[in-house]
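Each chain gets a letter, A, B and C, in the order it is written, and its residues are counted from 1.
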Amino acid sequence: MRNIFVIAKNTLKLEVRDKILYGIIIFGLLYIFFTLFLSDLVLQELPMVKSFGLTGIFFFNAIIALFLGTTSFFKDVDRKVVYFILSKPVSRAQFVLGKFFGLCLVLLFASVILSVAYIGLILYEHGGFDALGLLAIAMQFLEMALFLAFAIFVSTFSSSLLSIVYTSGVFFLGHVVSTLLAAAKQIGLGGIKLMLVEILYYIFPNLEKFDARDLAIHAVAMPFTSFALAVAYAGVYIIILLSAAIWIFDKKEI
Amino acid sequence: MAITRSSQFSKVVIFVLLFLLVILLQYEYDVTKMTLPASSGASGVSSLMVRMADLGFHPAVGSFLWATTMPEILDLFRDKTEYLSDVAFVNAVDPKMSYPYAFSVLTLPAVPSNVFPDGLKDAIAIGNQGLQSADPDWRIAYYMAMDYYLGLNDKKDALLYFDIAARTPGVPQFAERFSLNFGIGSNERETTKELWTTIRDSTNDEFTKERAQMYIDHLDDLDTIQAAAVQYKQQYGAYPTSPSELVTKGILPAIPQDPFGFTFVINKDGTSGIDLTKLPQSISTEPAQ
Amino acid sequence: MVEFSHLTKAYKKRVVVDDFTLSVDVPIFGFLGQNGAGKTTIMKIIVGLLAPTSGTITIDGSLATHPIFKKKIGYMPETPYFYERMTGMEFLRFCDELFEGGGNATAHYDALLKKVGIYGARDYEIRTYSKGMRQRLGFAQALVNDPEYLFLDEPLDGLDPIGRREMKEVMLDLKKEGRRIFLNTHILYDVEEICDEVGIIHQGKLLYAGSVKEFCAGKPLEERFVEVVEEREKQTP
């Protein structure tokens, strides 16, 4: 068990030395800074500033998660660094879990930096502490963890490039699928076609539930049941993805 | 490390169970979650497309689209009406964003009617939509009240909408004070009172009845004080400087209690009014965001 | 004592390790064979990186697949790949931490690094290391848990003559300490110099196992090796 922690800590240490990660974080900070200008010139309204800020954090975190999830695990295996690790008393499951938690920590690191900038922005613009904004960021983090788990899962059988394609595709579908179902019902789709859409809706990771941005911008608190269900959903889905990843990785010839 | 068939099988079973759990959680979530107002009306399908494509960025997309739409109001002067369809689109993408509605209500009627005759009509329509869908924003009702009074000469609706504005959370002091005291000037008090009486008597809604009654009482109090001031002048040769003198000199048993909590004053010309320097406790002391 | 019993590894079209049976009970054992003979595959199976298609390996009586075994071994892969942005010291410490209950004092790592001769570069990032330094670091991490058994895949590859001498000295020291070493190599000279016994592997099959002197029978090792391999080639259809 301790091995998971060791690998996680090591992943964090290494990724944090990656220049690309810093590049993305700096872009994120620039974006938040830019929102400050935008708010004085055009946006003016606080809900609009919040919407730009929170969406920016979401977007940049997604980029970071995509980048980390599709490269970190794959590189370790492809470049055979794992030879050193798996020849020691470390199970393949421990390695997968260690990578996952390590990458979550890296994402947390980036999130905290961007969140502090965002909270500072709102404080400066309005003088209030955007607690709901923090909740939205926390929900986003949960979504990103799910995203990371999926990326790692895909990394066990695809190269980096394909992983990026699959993971982006799932991210897109995950957000679109509830609107798709609503649209299908709206235009009166019936029978088998509707059932297919419904199956897609239930099986695919349904990511809209982690969107607390809308609520934060309009100062509406999230009901506790929704929050609890979203956390449970993320937890179960992550377990599924990581278990599948471990299962595949166990059998992989390296 | 050979994997036996039974452990393979049990792994598949566990996977299936976990997926069933996922489906259950999703279903539960759908049942219990709060829904934000859905997009409405004509731009339904295309705004749906935007919501689909924007991956959960819709508030930002809405804000961004608004930033590009706002300047188009000026094009209305040149008979280009893109503003209307664009603002409808923005509102469909993010119905809760209140600023586009408020801005439209304020500016559309300002376009000369020979260039754009439907300004008021559209403003009112957008305003009502905003009241229904958007975050509470005092400006929507406030500007609508102005439009009714100044544009359509409809004082009754103006009163109703000013009342809505006064009750909206976050309304700043000046707006609340103005709204509650719209039409209390001594020369128009009678009309205002008549209008509120009509409103009170023609509605079945308890809340509206109570609200109307508050305004009627407010106006009655002002009348009472004014009549007492006249009486005072007849007796003592000059108008009193404050309503408390009416009590000390026995003309009134007590200063009437204002339902809104304002302090009454007596103006130099003997008419009654409210003290602008003293705001009642009930009025919010925080300015709107 | 290490025993291989009918070890086989087959992929869809090729058999890479073919019914490999062998008993080893000497301090330094060398697997000798050409590139692609199956030496690396056998070693990967021993340390648990690959699973055999059939057959077993037992070490001191227990199966090598038992988790306890991994605590007793050190492994050095062929052409080691590292986390380039770690320093040598960090990497060594990381490897040690993977043995639950690791966390030795820095002195332990210092000693190891000195032993393999890269102490001076311990705080530089591995991406600055030369080929020889990487080999040495690979060797060091194989020793970090004080193992009973060492499995080294081409340990002298890429080292200059002095480096080769130094590492051979280290191996002989380890032998004196009572450890057991298995090494893969295609360099005949090294086998002659330090191996107590040799196993000749060709196309996944064990052609000979036993003392080097007996194998040579007076002739140069190279000549004997080529003889045996060619004879084998003739037999295969």
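We take it that contacts are C-beta pairs under 8 Å (C-beta built on N, C-alpha and C of every residue); 3 or more make two chains touch, one makes a residue touch a chain.
Nothing here was measured: the structure is a model prediction, and the numbers come from that model.
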Geometric centre: closest chain by C-alpha means: A
Identity of the chain that, by mean CA position, is farthest from chain C: B
Whole-Å gap between the CA centroids of chain A and chain B: 38
Length of the line joining the C-alpha centres of chain B and chain C, rounded to whole Å: 80
Residues on chain C engaged by chain A in the complex (per definition of touch): 47-50, 67, 70-71, 73, 75, 77, 80-83, 85-86, 90, 94-95, 97-100, 141, 145
Chain B to chain A touching residues, read off their complex: 11, 14-15, 18-19, 21-23, 25-29, 32-34, 36, 44, 48, 51-53, 55-60, 62-64, 66-67, 70, 94, 96-99, 135, 289
Residue ranges of chain A touching chain C (in the complex, touch as defined): 2-3, 6-7, 10, 13-14, 17-18, 79-81, 83-90, 253-254
Residue ranges of chain A in contact with chain B within the complex: 38, 42-48, 50-52, 54-56, 58-59, 126, 171-172, 175-176, 179-180, 182-183, 186, 201-203, 206-209, 211, 213-215, 217-220, 222-223, 225-226, 229-230, 232-233, 236-237, 239-240, 243-244, 247
